[in-house]
Structure formats: C-alpha cells, structure tokens
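So, here's a batch of structures to check.
Each of the next two complexes has subunit A plus one other chain: subunit B in the first, subunit C in the second.
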Partner chain A sequence: MTDLELILQTIMNSLIASSFTAIFAVGLVLIFGIMQIVNFAHGALYMVGAYATWYLYAEVGLPFFASIVIATFLTVVIGLLMERALFRPMRGNLFGGLIVSVGMMFVLEVLVVYLFGQGLMKNMTPYFKESWHAFGIESVTISHSRLFVFAIAAFILVAFWLFMSRTRIGWAMRACAQNPEAAALQGIGIGKISMLAMVISAAMAGMGGAVMSPLVRITPQMGHPVLVTAFIVMIVGGMGSIEGALIAAVVYSFFHTFVTTYIGGEIATILGLALMLLVLIVKPTGIMGARESV
Partner chain B sequence: MKANITRRKFMAATGGVAAGLTAFGATPSKLFADEKTVKIGFLAALTGDAAGWGLPGLYGVEIWAEQINAAGGLDMGGEKYKVEIISYDDEFDAVKATVGAKKLLFEDEVSIVLMLGITPVQAVKDFMTRNKMLTTTLVPTDISEDAPYLFAPVEVHPFYNVTAVDYIARNMPHIKTAAIATQNDELGLSSLATYRAAFEVAGIEIIEENLFGFEVTDFAPVVSKLIAANPDVITWDTAYPDYVNLLTEQAYLQGYKGQFVNCTLDQYEHIMSKTSKEFLEGFLWQFPDLDDPIMQGGGTHFDNAAAFYQTYNERYPGAWTAVSWEYAAALEMWRSAVSQAGTFDPPAVAEALRSLSPVPHAFGDAEWWGEDFFGVNSAALGKWPVVQMQNGKAVIVEMGDVRAWCDQHLDVLKKHFIELGVPLAG
Partner chain C sequence: MFSRTHRNIAGLAVVLAVVCVLPFILRPYQLDFLIFMFINIILVVSYRFIAITGEFSLAHAVIMGVGAYASALLAALPISPWISMPLGGVAAAAIAYILSFPLFRMKGFYFLIGSFAAAEAIRLCWVQFIDPFGGFRGLRRIPVLEIDLGELLYIDLGAPVPYYFFALIVGLICLFVMYRIEHSRYGFVFHAVHHKDTLAQSVGVDVRRFRTIAFVTGGFFAGIAGAMVAHYVTAINPGLFGLKQMLFVLVWVLVGGMGHFAGPIIGVTVLSIIDESLRGLDELRPGFYGLVLIATVLFLPEGLVSLPRKVLQWSTWLWNRGGGTLVKRE
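Up next is the complex of A and B:
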C-alpha cells in the first residue's frame, strides 16, 4: 500500500466514523436542546439497539433488516417511557435529569445482563461479509457493513435536516430549543414536542446500535466510549447546537482516525481531549454555540 | 398533570435497586451444607473487558469440582471432602479484588484462591501474604520474592509466546517482517516485550507497532496502518478476546493475506463465521483444544482432558477460551500438593507445592522457575504448545520448550522488558 492509498483508506475510515458519530451525537444534542437534559442513557439506548438486533437476527433468526426495524422500534418505546416517566418531570432541571438518566443507564445495562448473561461479547455473523474496493484500488477497502452504516446515517441526517428546516413541526422544535416559554406562548405544545424529540433521539441511538452491531463489541457497557465521544462532540460543537454537533462529529472523527492511524490509538484519545480543551479555550461556547446573555 | 414519579420516589427506588444489586454481587455463587467440605476461592473478572479470561475459567473449575464430587470427593489423609467453589467478580478492579479477597479469607475461609493476575493480584498480594493464603495467578510477572504463597502454576504468560515465533523462524523462512497492534496495559506491554525479544532472536524485523486503549470502538484505522506496512506476519500480541475477534475481522475485511501469530484465538468458530475458513488457515497461537491427541497422556498432566473438553462444550457451547482449563489445571496441581502435605492448611500446601519436582504441569513435566527474572522460583516453566489452525480446527503442531528458550535468551527478554518499563518482578 502506498502513502496515497493509506491516506485514501484513512479518509474512508474517517467518513464512516463521522457518519456514525454524527447520528449518535445529534440525538444527544436534540434532547439537550429541547429538554435541557444531558441524557446519559443515550449510550444505553444504543446498546439496546445492538442487543435487540443481535438477539432477533443471530438468535431468533429474523431477517437482518426486520431486526433493525424492530430494534429501533423497541428503543423508541423505551425512549417514550423515559420521556414520560423521567425526563418530563425533570425538564429544565439539569442535575435532576442527569441523575435519572444515569439511573436509567444502569437499569438498562443490568437488564441486558439479566436477560442475556455476561462474559464475552455477543457474536453475530455480519449480514454483509464482502468489501468494496474504493475507486477501484485493490488496497483501499471498505466493508459493505460499514458502507451500510454510512448510507443509513446519511439518510437519517438528511431526513432530519429536511424535517427540521421544511416542516412546521420542525420549526416548532427549533422554537422550543431556542426559547421554550416563548414557544409555549405561541401555542406550541412543549410536552408533545419533547415527546417527539425523544422519539427521534431514541430512534437515532437505537438504529445506530442496530446498524453498528455487526461491527462492534456487543456488551452491556458498549455505550460508554461512544457516549464519551458524543459528549466531546457536543461540547466542541456548542451545547445544544445540532449544526455544531454535525461539524464537530466530522472534525473529531477525522482527527481521531488520522491520529490513530499515523501515531497510535492511545495518543488519539489524549489528543482528542486536547482538541476539545483547545476549542474551549479559543471559543468557550464551542464552534456553533451561542453566548448566554445575562 | 402531576407526574406520577417524583425525584424522591425515583431516588428511593434506584437506591433500593442499587442496594439489591450490591447484595446480589456479594453473594457466593454456590452454597453447600456438607459436613466435610473444602472451600476453593475463585476471584477473577466475571464481567467487563477481562471477563473472557475469568468467567470461562470459572465454568472449568465448576466442572472440575463436579467431577471430583461425583467421584466421592477430594481425598485428604484418607478422608473424602466435598469441593465447594466460592466465586466473586473482581471486574479486573483493585478495590473489588480487595473486597473479594477479604470475604474469601475471613467469611468463607477458603484453602486456596485462584486469580487471573495483574491489577487484582497486585492489589491483594500483601494481604494474601500476611494471611499466608495460597494464591495462584496466570501471570508470572505477578510473582516476587516477598510473596512466598503466590504461584504461577499453569500459565507462564507471556513467555510461552516465544515458542510460536520460534516455530515460524524454523518453518517459515520467507517471513522477514512483523507488525504488532496491542492494548496498552500490563498484559499487552509484557507480551509486547516478549514478542519483541522473540522476533529479535528469530531475525524478524518489526516494521510497525500500534498501541491502543480500551476506549477504542473502531479498529479499522489500527488495522489499516498495520496492513499498509505490508508485513509478512501480524500479531495482536496479548489482547482481550473481543479485541482479537474484531481486529482479525478487520484484517479480513481490509484484504490482509499474510500470516498471523498470536497469544490467543478464543472462540475461533465465531471469528471463522465472520471471516472464512481459508482466511484463518495457518493462524498460529498458543492455546489448544483439550481434545487434541497430544493432550491425551504422553507426558501431559491433565486427567481426562478430552472428556473435560467435551463436557465443557456441551454445557457451555461456544464459551471455550484460553483459560477454560487453566484454573482447573491449577487445582489439579494443588490436589497433588494436598496429597503430599496431608492437609488443606495453605502454608503447608504451599510448601508441598514448591517441593514438587518435576512439577506436574498440564503440558508435561516442568520446574519451578523465575529466580533470575522475578527473584523467586514460583512459576512452573516447561513446555508449551504451538497451535495452528488446520482445516478449521486447532491442532498442536509442536510442544515448544519455553524453559530452554528462556535459559538461552534471558538477556534479550530482560532488555525488552526494561525498554518498555515493564517491571521484572510484581
């Protein structure tokens, strides 16, 4: 493999990582923007999506795509229950929301241990086992499983952008994120908007887990490192800014992947956190964050 | 509308759940009420990243105990004792290991404690020594002169890794370059030092190394860089089973065509289902299936190895890993020492264990070794198998002599341990 081919391979790896990080982080940012809740259980929803897909596809024998749909539906149901029972009473209460979401994370993790046991990761034979040689170059390869993740993530993000920018409900969600009181005075149902935000967020996490399940370690704690990355993206992008999260997801994923490839995986994590600190020093509100007026 | 669940109610509920979980986690896995019972402590990771080298070992120990009990019990001084296994999950965590060790010694009053090694063992080593508790580890870098009751009776990780590299040097002369990726922890680094030494002795140049942390979720970039270096052989060094699984799959997906040599290849059927039989053909590693013909007598010391393997796989299909038999093998050796000591008293059994010569190791006769490296001869060093994937099945291709290699190249080994800052004694 030549230097140029390695750069191309790394760009491909970065694009895949960006797409997944983006849908995961956008879901997290959405809940923070609408409900002012830092949802620590977002990683657990991702985990539930992966476990459900593994169970339905590898254990029960359902078709892969049907498993993804059912897994996503399951996480949406869990998300709705969380919103109604936990997050709605805590809306605007940053600390209270944090506590209940951490509790929910533990509950979901213990639940999958209870249902599916512990030990080594759950194995599933990938639905797609082949690879694509990018640009016709033999040594630059992307597995079809990863291309599938990219395609799904791109579809979700485009659909989400259209929804937020072209529909009345999307406008209402943005209004709620910017100023809930003013939105309520305009007749926007905050409760319904919160519920819808949770549906979208949980679906993003669940589907993310579902499509990533053939590629990652399916364990009860699999959401933790993903959540840490999403928090970095959320902070770098600007708390509550969906556009910022998208930009930060791409920047962070490219940075992390290139450093992992050319320097080392251990250094990549350290430098990734250093990047976050640098952004906070240069622009404390993050890339797209708005300064709070007093 | 007023919410049905207030924060106070939620906190009370989660507090109750947490208390319940704590109590559940602190409960011994099995309880017996027999009059004459000898208790064996198992303290290793049953959850978390290291669970692959803890939980499968517990399964093996339970099967071993069942077989002993089914035969009437463990013979000591002409009397039969039922064997009771008491296990705690240390999650590969120092604090949890300390709590578990105290429970095993003061509440359960066990006669021996079986552990995985590294962080949990280091955390409890002084405590075990002060209380004269016989303890075993799978990692000999844990042993030291100030811990006379700590033994590495079965696994001499990572020293046995030299045997597969030595096999490559003698049988695959076309292999001239190597690339290594591994997890950056005590297990990975001590193994890295050993592979560096083995490749140096074998005349194989290491052209790429990549250390990664536990937060890595995407192994594609790690593998891309290794493959880009175009090595003749790739090793994942000593990496957790899940990592080996995903790294190998990535190598397959990115079109790697060369040789592999590795410490482990746990659950290789799963990896084969993700890659292909042809891709794994020729893969070299260090841990056999116990139904291998070489393990059925002929100088090895693991009674009914094939039956053990069969029972294990019937009961826990797909769970077989490198450690599935190892803790049980340590108990086999402990049984020999108990028989010689005529007591379960840990210090007396430790003394009897140290006096065994040759040491009846699962892979054949061994000797206590380690003084030149760790300051004390508490690691059973002898032969270790080189395992190769042949037609979808693990096959022992030779029994390598770890002892002879270490005697001949100890200076090279020490040099690389020192270069990487890996302590020579635990």
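Up next is the complex of A and C:
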C-alpha cells in the first residue's frame, strides 16, 4: 500500500466516522438545545440499539432491516419513558438532569447484562459481506456494512435538516431552543416539542447503534467512548448549536482518524481532549455558539 | 438537659468506641470492606470540600489516582512509604493547582465537562506511557507500610487489623482538618462564594482564589486517599480511577446530601452497607445505584441528611389530615 493509497483509505475512514459521529452528536445537542439537559444516557440508548439488533438478527433470526426498525422503535419507547418520568421534572435544572441521566445509564447497562449475560461475545455475521474498492484501487477497501452506515447517517441528517428548515413543527422546535418562554407564549406546546425532540434524538442514537452493530464489539459499556467523542464535538461546536456540531463532528473525526492511523489511538483521544480544553479556554462558546453563559 | 455540642460529642464517642471494637469481632474480608469505606469517606468529604465553593468537578477520581501513582512511583525509587504517602498528596495538590488555571475560567456545565476532559486526558496518559506508569496493567508490588523499631516493635501494616486502625486514624485526622477549615473564616468565605458569588466579589473577595484554594486542598486529601489505596492493595491500574469511580463519588455525595458535613459520610456508609449486602448480585449493583440516584434526585433533593426533617414533615401532615385538625377555610 503506497502513501497515497493509505491517505485515500484514511480519508474514506474519516468520512464514515464523521457521518456516524454527526448523527450521534446531533441527537445529544438537540436534547440540550430544547431541554437544557445533558443526556448521559444517550450512549446507553446507542448500546440498547446495538443489543436489540444483535438479538433480533443473530439470535431470533429476523431479517436485518426489520431488526433495525424494531431496535430503533425500542430505543424511541425508552427515550419517551425517560422524557416523561425523568427529564420533564428536571427541565432547565442542568445538574439534576445530568444526575438522573447518569442513573438511567446505569440502569440500562445493568438491564442488558441481566437480560443477555456479561461475558458472552456478541458476534454478529455482517449482513453485507462484500467490500467496495474505492475508485477501482485494489488496496483501498471499504466494506459494504460501513457504506451502509454512511448512507443511513447521511439520509437521517438530510431528512432532519429538511424537517428543521421546511416544516412548521421544525420551526417551532427551533423557536423552543432559542427562547422557550416566548415560544410558549406563541402557543407552542413545550411538552409536545420536548417529546418530539426526544423521539428524534433516541431514534438517531438507536439507529446509529443498530447500523454499527456488525462493526463494533457489543458490550454494555460500548457507549462510553462514543459519548466522550460526542462531548468533545458538542463543546467544540458550541453548546446547543446543531450546525456547529456537524462541522465539529467532521473536523474531529478527520483529526482523530488521521492521528489514530499515523500515531496511535490513545494519543488521538488525548490530543482530542486537549483540543477541547483549548477551545474551552480560548472560546468557551465553541465555534458556532452564541450563548452568553460563560 | 445537654447542649447540642455535648450530645454530638457523646454520639461521636459512642461511634468511635464501636468502630474500635469492630476489628476484633469481624472477619478479615469484612474488615477489608470497612477499610475501603474509611478511604472512601476521606474521598467524598474532600469532594464536598471542593463542591461547597459551587463547582462540581469530574476530575476528583483522577486526582486521587495522581496521589496513588505518585506515591507508588516514589516508593519504588525507593523512598519510605511513610514519606511517599504525604508526597503523593502533595503531588495531587500540585496537579490540582495546575488544572485550576484552565478550569476556573469556566463555570457550571463547562467546568463539569472541562474537568472531565482534563481528567480523562491524564488517565489516558497512564494508559499510553507504559514506561513509568505501566499501561493498562498498572503498577504492581507497591511496598506496604511497616513500623520497624528493631527489637522493640514491628508491625506489618499490610495486614487488615493494623491497617484498619491506621486508616481510621488517618481518616479522623483528615476529617478533623477539613472540618476545622470549613468552620474557620476561610470556610465561611467558601459558602459565600457558593451562594452569592457576585455579592462576595463586590465586597472584595477574590472568588477565583478561594475556589482554587478549595480545589487544591480537596485535591491534597483525595491524593492521600489514593496513596492509602495504593499501599494497601499494592497494585493499581488506570481502570480504578475511571469515570465509574467518579460517578460513584458523585452518587455518594448527592445521596448523602451536600448541605451538611456529615452528609457524604452518611451517604458512603449507608450505600456501602447496602451494596455489601447485595454481594451475591454482583453485576446488578450499578443498576441499584442508578435507581437510588434517580429516586434521591426526584424525591429527596437535599439527600439522606434531610430525611429526618422530611419524615417529620410528612408525619405531621398525615397526622393533621387524619385528626381532622386542619383549619377549614371559609
């Protein structure tokens, strides 16, 4: 593999990583924007999506696409329960919301251990078995499973963008994020909007987990590193800014993938965290943030 | 009949007497559990010491780890563990001091995430740099403490019973010092900085300086707790000081209650004892913690310390309702 091919391969890997990071982080940012709650259980929802897909596809034997749909539906239901029981009483209470979501994360992790056991290796034969050689170059390979992740993520992001910019409900949601009181005075039901935001966010996390399930090791703690990445993206992009999160997801994924390829995984994460600290010190509102909370 | 102070002192004496008798009744593994509980008490009280200035840090477990690693590395030089343990505390305080420069530019949520990032970066350095820190597998064969006065006296503090008393004494000293600081003039300023930081600033208090003082002092005691762990279990690894440990500290402090000095101590004691009785259901423990956490935040936001007062409120409410003494409005 020549240098050029390695660079090409790394660029392809970065693109796929950034698409996944983007849908994960956008879900987190959406909840923060609407409810002012940092959802630590977001990584656990991702984990539940992966577990459900593994169980339905590899154990029960349902078709792959049906498993993905059911897994996503399951995470949405869990998300709605969380919103009604935990997040609504904690609305605007940053620390309380954080604590209940940490509690929920513990509960969900223990629940999957209880249902599926701790030590078993959850191996899954990928649904897509072939690979694509980018631009006909033999040594640059991308498996179809990962192309599928990219396609799904891109589809979700475009649909979400159209929803937020073209529909009245999307406008209402943006109004809620900008100024909840003024939005309520205009007749927008904040409770309904919160529920909708939770549905979208949980679906993004669950579907992310479902499409990633053939590619990663499925463990109860699989959400933690992804959550750390999403925090970095959220801070660098600016709290509550969806555009910022998208830009930061792409920048960070390229940075992380290149450093991982050429130096090493741990160094990449350390440098990423250092980058985030630097952003916090120099421009605490992030690259797209405008909120005057610091 | 007795003043409140007298009653407190009497209660404390009873607790101390019980604690001193315990090692001669209990089995070694139960003693082990109590030793870790004492160390955790130092940890949570030092955490509260930082949190009373108003900022919640997610770096505390790693600061504790800094103390453990520093003491273990110094003891390998070799320096006597008696000297390396306080030096571990000093190293933790020094790291806390360095971290305070970037961190105290932030507030609220940014502080929380910033402290998490800084801590995780330090922890990943332990994983990455195998040469001094030993990577994932960590450090092993850390020397235990021993009192060696030649012919006169020899005590190996690696054994549970002597270490129990050692942990008890160190714990009491740490608690006493932190209690005195909190009830000194400095301590009052800490509370002022928490509740009315703009007002405190306007009367000439350097808010950032006091937050730094609290952060560094809390870091020192966390480092001591870390060194105590290192010289007892004789092996440490980065996994001991991860996000999970940090979240447990947070749970203990919040469930116990932030408002009172005894809150975190009650939190650790109650939750550890319940946790220990769930020993058979090892994998389900975090779930139990999660449920307790959610229930506390929803129903008892001021923690277990406020439980007696709440129960009193509920019972008077029930009593009044049952007795029909509620005055009816016209």
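Keep in mind that, in the parts below, the second predicted complex is superposed on the first by the 289 of 294 C-alpha atoms of A that agree within 3 Å, B and C clash if a C-alpha of one lies under 4 Å from a C-alpha of the other, contacts with A are read in each partner's own complex, and residues count from 1 in each chain.
Simple rule for what comes next: a contact is a pair of C-beta atoms (placed from the backbone, for glycine too) under 8 Å apart; a residue touches a chain by one contact, two chains touch by 3 or more.
Everything quoted here is computed from the prediction, not taken from an experiment.
With the two complexes superposed on chain A, say which partner A:G103 touches: subunit B (first), subunit C (second), both, or neither.
In the superposed model, A:G103 contacts both subunit B and subunit C.
For A:P89, decide between first (touching subunit B), second (touching subunit C), both and neither.
both
So, does A:A182 touch the first partner subunit B, the second partner subunit C, both, or neither?
Neither: A:A182 stays clear of subunit B and subunit C.
Identify the partner contact of A:V77: answer first if only subunit B is touched, second if only subunit C is, both if each is, neither if none is.
Neither partner.
After superposition on the shared chain, which partner residues are touched by A:T219: those of subunit B (first), subunit C (second), both, or neither?
Only subunit B; A:T219 stays clear of subunit C.
Go through the superposed model and pick first if A:A274 touches only subunit B, second if only subunit C, both, or neither.
The answer is second: A:A274 touches subunit C but not subunit B.
Tell me which partner A:A159 touches in the superposition: subunit B (first), subunit C (second), both or neither.
Once the two structures are laid over each other on A, A:A159 reaches no partner at all.
According to the stated criteria, A:I169 is in contact with first (subunit B), second (subunit C), both, or neither; which is it?
Neither partner.
Check whether A:V60 is in contact with subunit B, with subunit C, with both or with neither, and answer first, second, both or neither.
neither
Check whether subunit B or subunit C contacts more residues of subunit A in the superposed model.
The larger set of subunit A residues in touch belongs to B.
Go through subunit A and flag every residue that touches subunit B in one model and subunit C in the other.
Shared contact residues on subunit A (touching subunit B in one complex, subunit C in the other): 86, 89-90, 96, 99-100, 103, 106-107, 110, 113, 118, 228, 264, 266, 269.
Which residues of subunit A touch subunit C in the complex?
Touching subunit C: residues 38, 86, 89-90, 94-96, 98-100, 102-107, 109-111, 113-114, 118, 224, 228, 231-232, 235, 239, 264, 266-267, 269-270, 273-274, 276-277, 280-281, 284, 293-294 of subunit A.
Once bound in the complex, which stretches of subunit A touch subunit B?
On the subunit A side, the touching residues are 1, 5-6, 9-10, 13, 16-17, 85-86, 88-90, 96, 99-100, 103, 106-107, 110, 113, 118-121, 123, 125-126, 129, 131, 138-139, 141, 143, 145-146, 215-217, 219-222, 225-226, 228-229, 257-258, 260-262, 264-266, 269.
If we count contacts the way the header does, which residues on subunit C are in touch with subunit A in the complex?
Subunit C reaches subunit A through residues 56, 102, 105-110, 112-114, 116-118, 120-121, 124-125, 127-128, 243, 247, 250, 254, 283-294, 297-298, 301.
Would you pull the subunit B residues touching subunit A in the complex into a rising list?
That would be residues 3-7, 10-11, 14, 17-18, 21, 46-48, 51-52, 55-56, 184, 210-218, 220-222, 224-225, 227-228, 230, 241-242, 245-246, 253-255, 266-267, 270, 273-274, 318-319, 321 of subunit B.
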